[in-house]
Amino acid sequence: MEQVIFYILAFVAIVSSLFMITRNSPVHSALWMLLTFFAVAGIFVQLDAEFVAAIQVLVYAGAILVLYLFVVMLLNPKSHGFIKVPFRYVIGVVASIIIVFQVLMTLKSSEVIGKLGWVTPQLAQELGNVKMFGKELFTTYLVPFEIASILLLIAMIGAIVLAKKD
Amino acid sequence: MGQSIVSILPEILMTIFGLMLIVIDVMSKDEKKSGVGYFGIAFILLTLLASVPVGGFKIVGFDQMLVWDSYAYAFFIVFAIAYILTTLGSVDYLKANGINKGEYYTILYFSIIGMMFMVSATDLSVLYLGLETMAIAMYIMAGFNKKDKRSNEAGIKYFIIGAFSSGILLYGLTYVYGYTGSTKYSVIAEMLRTNGVENLNIKLGLVMMLAGFAFKISAVPFHMWAPDVYSGAPTPVTGFMTVAPKAAAFGALIRFVMVALEPASVQWQLFFSILAVLTMTYGNLVAIAQNNVKRMLAYSAISHAGYMLIGLVAANDLGYKAIALYMIIYGFMNIGAFTILGQLKNKGIIDDERLESFAGLSKKHPLASLAMLIFMFSLAGIPPLAGFVGKFYIFSAAIKSGLVWLAIVGVVNSAIACYYYMRVTIYMYFKEAEYDASIEMKPASSIATFIAVVFVLLIGVFPSFFINIVKMMIV
Amino acid sequence: MIELLILLAPLAALLINGIFGRLYIKNNAHYIAIAGVLVSLLVSLITFVRVMGGHTVDTVVYEWVLAGDIKIPFGILVDQLTAYMLVVVTFVSTMVHIYSIGYMHDDPGYWRFFTYLSIFTFSMLVLVLGNNFLMLFVGWELVGLSSYLLIGFWYEKKSAADANKKAFVVNRIGDFGFYVGLLLVLVTFRSLNYSDAFNHEAIVHVKEATFKVFGANLSLLDLMTFGLFCGAIGKSAQFPLHVWLPDAMEGPTPVSALIHAATMVTAGVYMVARCNPLFAEAHITSNIVVYIGMFTALLGATIGLTQFDLKRILAYSTVSQLGYMIMATGAGAYIAAIFHLFTHAFFKGLLFLGSGSVMHAMENDLDVRKMGGLKAKMPITRWTYLIGCMAISGAVPLMSGWFSKDEILAMTFASGHYFPWFVTAVVGGMTAFYMFRSYFLVFEGTPRDKHKFDHAHESPLTMTVPLILLSIPAIFAGLVFGLPLENGIIHKMLSHVVAGHGEGGHHLSHATTYGLMALSTVIGIIGIYIAYVFYVQKPDVLPAKTAKAAGPIYKLFYNKWYFDEIYQAFIINPLVMISKFLWKGFDANVIDFIVNAFGWVAKFLGSVLRHLQTGRIQTYIFSMVVGVILLLTIFYIG
Amino acid sequence: MMANILTILIFFPVLAAFFLFLFFRSGKATMWGAFIASIIELVLTMPLMTNFDKSNPGMQFVEKYDWISSFGIQYYVGVDGISILMVFLTTLLTAIAILGSFTYIQKRQREFYIAMLILEAAMVGVFVALDFFLFYILWEAMLIPMYLIIGVWGGARRIYAAVKFFLYTLAGSVFMMLAIIALYFKHGSITGNYTFDILAISSQSYGGGLFETLVFLAFFVGFAIKVPMFPVHTWLPDAHVEAPTAGSVILAGVLLKMGTYGLLRFCLPITPIASINFMPFVAILSVIAIIYGALVAMVQEDIKKLVAYSSVSHMGFVTLGIYAFNQSGIEGGILQMFNHGIITGALFLLIGLLYERTHTRMIADYGGIASKVPVYATIFLIFTMGSIGLPSMGGFIGEFLVLVGSFKAFSNMAIIAASGVIFAAVYMLWMYQRVFFQSYNTGLHNLTDMNVREVIYIMPLIILVFWTGIYPETFTSYMHESVKQLVEQIQSIKVAMN
Amino acid sequence: MTLQHYLALSAIIFGIGMTGVLVRRNLIVMFMSLELMLNAVNINLAAFSKYLHAMNGQVFIVFVMAVAAAEAAVGLALIITLFKNKETINADEVNFFKG
């Protein structure tokens, strides 16, 4: 049963992302991207990372996508479609395929060797994903959390400076 | 826990000062915006003094998340130098180009915090986030001059290619994390030592991550963005961008490579030696073909990244000390040169940074052209000046670890490099003035140039003080 | 140590004239110069007398060149040979100095001329007085310099400028051989002093040694002596390098008299005589020397026959007489050579000064065809010139030339060189012929150029007195020093210098000596008679007829055997072509091409790579992707 | 004062230059200031020469202070028999060059004289440096002022000449840097103490293997370019022709000697085995240089280029002497270096005088000027004869000792080299004839004879040229002991080798 | 479901994202493809986190999202300034700098 769900989600994710990059108008590709985000959220749930799935929907689908749509509406640019020159189009695709193939080559030998972490199945039931997530985030990964906040601060200042009309 | 706080004390201080800067910026009136810059300099000097590491100690914080030691401190000095000189250099530039905003200095300031995290990171997450903070700040700085379409193009190009490369870096990071089971350098190193390095997984992760880093230090196959971004960005920003982010990238890379990937040293030495040769040769050759001085200095920045890679490939302690020293010296030389370039106004028809606008400058502005001459010959690595000490250190590291062939390539390249550095002096001293180009050295930028010249001469003749700073570094 | 004074006097004169000449001394420079020469003449005579009494000097003035094991002093050696040379040099030099007062009377460079004369005298004395090979070489080159200066005295004339350069370069070629010989001496005897080089055991010890040069194993002594002899060829204008002497006539006549007759050219002979211990052992070189001497004598005489310029005739006669002396040294008759040098200096100096006064009279026109019948107008010059001709022809017994030349012929015959003896005997006849030809054409017969003849007048006293003074030794030198035959005063004195075996080697019975003498005298008289017939009885017919009859041979002799043209075609032109090729071809095209190529290649690569930077974002990202792909493949395989 | 005379000699010109830069505004004032400074420097070398102990082969007036202790780099200076003449030559020629360019340099006089003083400091420094790092810094630091002098005040093609000079020398010396670093580490690994001290490094033998050959080649390339030896000499004619008079005097008088000084101080003691192995190679190159230089000089149309090629030929003698590895060869080489400095320096000064008046260097434009300028002609003749190697002048003694030395080592080479004497006479006299003799070329107008100032600054050179010819012992006495020590060191290794 | 499946899926999505960046001329679509690549990375992180029985993978995802958000903000701000100057968001017209 679990495999069926995975294959459906995988299929949806791949097809929607393919449609996303091939649509002429940016609005359509934005909507297809929304579908991809939902598919990915589903996969997160399947990997029992529920909190992250929720964040995915909230942040990606909610915030970033809306921002894109907002900018697309603001600029309503003429759609340009694909690059005219077929040659650059083809080598672009071929290069990505090669990269994907090289990554897939590592699959045969990629079983997890590292020392397993502290998350045991019964601990997961008992604490629940979100509490474990909070425990990890605010103990070991406290410093990156602070850096992320500085990062967002800079992004804010920058966006204002660049976008504001003066 | 107490010890961990001390380990990020400098960063905390910087953040507090950063926030104060934002407040000052809001309060200051439009024409006194440069005050923000001067405050920034004061704050950074304060942090510099407050966090002096006594006797090369090592404070490991947050269960090996990051570490504050003389290594990180040395790079912090480089960032401080870059910040101070750029701020001084850009006060007049911003007024001249009508973009006299306080945020310029604030964002610059915050980018240094990102760099500090990068350099002191011993965990992949801190590394990645520090890297991204710096990157975001640099995207903004590159595109800062909204009205000038060149700065716009620089911003866009830097953003897209930067985001793409951080995507690749991240993808590699996941495989390194996945294969070793943890994001901590020490654990990664332990895993690599026990399980060996031949696994395809780790190779993929390693290549992808190092590719991401190679983008940051503009090594050749990943350098394409650098010339356009450096030529497009406002000149003081370019000066900053060629020094600070590159130093941070090298600092983080050295720590990551020497600590985390220490067992896989054969792999990454091969990786970087290929890159080093390509970067040096490409940077120098194309720089010869340029006749715009700013673009030429952009390519020279790429070639200098190549020289520093030699230090990295040497993979001994002398190597990374040499890189740190090289960065300090490079900071002075390069920002000094860009400050002067920034002040160049050309009433003639052509855009102001072409070689021809330098013609006959030594008659009108003897001091400015003397300073430019010193910077050019120091960049070329001619002895009495600091550039030579840097190169000398780097080549000693290479020869100490037996990489004589690489040293020879480096030496030949620095000989080729002399040609295009000399061309600037040819136009300045030997040719008659064609266009009425002029350099009005305003007080702030002349102080910056003066400091840079003094230090370039000082390090050239009495390098021992600066070598001692670098000597205590241990990764 | 009064001998040092001989050197210092001309040096002092040279410095005073040189430094103060232009501004202060100007036209009375001759007082200082003559004073200098007179002092050295007197001291030379004193030393000659003391040397006759057996007092020789070999002292070191100071250590000149010091380098590790090499110590070369600046030293003075005065022995019998030096004494003779001193007398010859100083006496003839004084005569020329006095003569020049008149000759150079109204010349703007008057003081410069006397400075150069003092330079020459000083350098010749250094050459003669030196006690080691290096001093000899120093004098050798300085004499070359002074001949350069003096030949090119009237430098406005292109021919004079070419002549002095030619003289210096040709001398330098000879000096190159001398240099190699010198180095060989230094390497074998570990010192350049005459005392070390000529002690008998050292030479015997080295007799068999060979020296590897460019792969060939030549006998050391022969190589060494041949090297030294090359120097002599250059300086004494022997066969291959004789071309410079006739051109040297461009200089003022006193110069030709002093340098190119009496003293400098004889330096080669002096050197060979001084190194007689070495040359005696080196048989191959001695043979070469004989044959070169013989051929030069023949060459000089044959060309001399056909010339019409009075000074050229005398120049070629000098070449021929030098050939005699060199042949004598080759045949081992060193004393005969020096004796001939001794006498030749006087009568050849006399002849040249005579021609100078003729030139003076004929407003510097030397073409013999325009002269004639001057005996009426210039009696002293005529008589002194006649004495000179008689002395040189060797046909008039008891004259100095007769003694010395016949002794050379006798010695050559005695030492078994029959063919050279025969050739030089014939050449003796030719010498007599062309000398008297010049006498008859100039002084006898009817004046051919009325206008010039009227202006001709006897030269002033300052010019005629030296002529008279010189004619005295020209007559009596042979008698005083030559009698009795083969062991006169000069023989006894010089036998100390010549290494032991001297004349003893090949003694001739008295009968053959007298027979040979008679034969050469007869040949000389025949030569004079033919000249008389040619140029007095039928001056207009015979010379032209024989010239036409001789045809190609005459043209060969007249054009100086085409040596100048040969050298120009086969040595100078190719050399210039090669160096032009080397400069334009190699230097500019090859090396500079490579050097510029580096710069060009870098620029080209730069401009090519520059186009990779297309400016489009996609290309940049694409290059990153390709970079990642390549590195992945390397790592997957590696 | 005597203890640190060398430091004074190095830093006095720099301080003077700095002082002039700050306080002297007008060109004229800087000119006289620079001249006085160079005279003081010359006077300062006198005590150095007189107090020099000729019997001690080792280094004298040694000063050693720590400079970069972490790397074992010291400020270590000292002078011995080999380098003392060169120091004197530098200070003498700079003083004369400065005096000589009073009328020659018209534009931007201030910068010119400051560059000259800095150049002088760097040159003196190179000859007395005993620490590799200090030596290399001064060796390359010298390039900048020289580059500027050629570039700013040079002739028509000055830019090409300046660039070619700079890059040519730099390409050579860049490999030298690697050799220095490699030596530093090798010496450190053998003896344990990491230092750049030249004497320590040269006292250590490096086994003659590939390492030593590579180090030797690196040094040799760097110095051969500077000498310049045959294949790498093409920068010299361009640099000489385009440089102003003072520039060519210093270039010919001192800069060329650094190459040969380098061979003596570095190649021979540090890599003796490789030097011995390469002896025939270098000898052949030197002989080619002699003949090639002379031949090419013969067909030059430009006087300065002719003298430049003659320098190639003279320096060929020096390298031949040095690589004869015997006392007379090396001493001849050093003396020839000294003489060449004086004679060629004087020749360039004289040509400069001519150029100042007629603004042309082409031989064809001249003819028969001896009648117009007799004093100039006589002095020019003296130095022409000196350059040919006429006895009673220094050139002859130098050449003689070199030929004696090389004759002992390789007789065939010496014979060919001796033939160079002929070509020397040919090209010099041919030039002299076409310029000074023959009929007066009416094209020349304001030809005036030498004035008093010009005679004054030529006079020391005339005195020296005769002094070295008549009594060379005053100069060769300095070097006997040092050269003997060097020769013994090499001979012992040579004996050990075979 | 084994780890390989998830890695394969993320690789494919990463490939598609890369193609999008390389191929599309519209800057905004390129941005979206960048976001897509970051999503692929997140899948990877989640997968490793699950099979390593550790939470640090998931924490990292959140950080990646924060970075993505920041990038989006700055990126779009840059696009707006570009649009104001050149009235175009076509990647090929952004080529003032060449050579």
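To keep things simple, chains are lettered A, B, C, D and E as they appear, and every chain counts its residues starting from 1.
Keep this in mind: a residue touches a chain if its C-beta (ideal position, glycine included) is under 8 Å from a C-beta of that chain, and two chains touch if they have at least 3 such contacts.
Quick caveat: nothing in here was measured; it's all calculated off a predicted structure.
Counted as hops between touching chains, the shortest connection from subunit B to subunit E is 1. Common neighbours of subunit B and subunit D, listed by label, are C.
For this structure, the chains sharing the highest number of C-beta contacts are A-E.
Chain centres were defined as the mean of their Cα atoms; on that basis the chain farthest from subunit A turns out to be C.
Legend note: the chain whose CA centroid lies nearest the centroid of all displayed protein CA atoms is D. With centres set at the average Cα position, the gap from subunit D to subunit E is 65 Å. One finds 71 Å separating the Cα centroids of subunit A and subunit D. Between the Cα centres of subunit B and subunit C there is a gap of 78 Å. Spacing of subunit A relative to subunit E, judged by their CA centroids, is 7 angstrom.
Multi-chain contact residues, meaning those touching two or more other chains, occur in subunit A at positions 83, 92, 95-96, 99, 102-103, 105-106, 110, 112, 114, 116-117, 140-141, 144, 148, 151, 154-155, 158, 162. Across the assembly, subunit B contributes 125, 128-129, 132, 136, 139-140, 143, 146, 155-157, 160, 164, 175, 178, 181-182, 200, 203-204, 227-228, 289-290, 419 as residues in contact with two or more other chains.
In subunit E, the residues touching two or more other chains are 14, 17-18, 21-23, 30-31, 47-48, 52, 54, 56-57, 59, 63, 67, 70-71, 74, 78-79, 81, 91-92, 94-97, 99. Contacting chain pairs (ordered by label): A-B, A-C, A-E, B-C, B-D, B-E, C-D, C-E.
Across the complex, subunit E is touched by residues 2-3, 6, 10, 13-14, 17-18, 20-21, 26, 29-30, 33, 36-37, 40, 43-44, 46-49, 51-52, 55-56, 59-60, 63-64, 67-68, 71-72, 74-75, 77, 79-83, 89, 92-93, 95-97, 99-100, 103-104, 106-107, 110-112, 114, 116-120, 132-133, 135-137, 140-141, 144-145, 148, 151-152, 154-156, 158-159, 162-163 of subunit A. Across the interface of their complex, subunit C is touched by residues 164, 167-168, 231-235, 292, 295-296, 298-300, 326-328, 331-332, 368, 370-371, 374-375, 385, 390-392, 396-397, 400-401, 403-405, 407-408, 411-412, 414-415, 418-419, 421-422, 425-426, 429-430, 433, 436-440, 471-473, 476-477, 480, 483-484, 487 of subunit D. The residues of subunit B lying in touch with subunit C in their complex are 156-157, 160-161, 164-165, 168, 200, 203-204, 206-208, 210-211, 214-215, 220-222, 224-225, 227-228, 267, 270-271, 274, 282, 284-290, 416, 419. Residues 102-103, 105-106, 108-110, 112-117, 140-144, 147-148, 150-151, 153-155, 157-158, 160-162 of subunit A are the ones that touch subunit B when the two sit in their complex.
Contact residues of subunit B toward subunit E in the complex are 125, 128-129, 132, 136, 139-140, 143, 146-147, 149-150, 152-157, 159-160, 163-164, 166-167, 170-171, 174-175, 177-178, 181-183, 227-228, 231-232, 289-290, 295.
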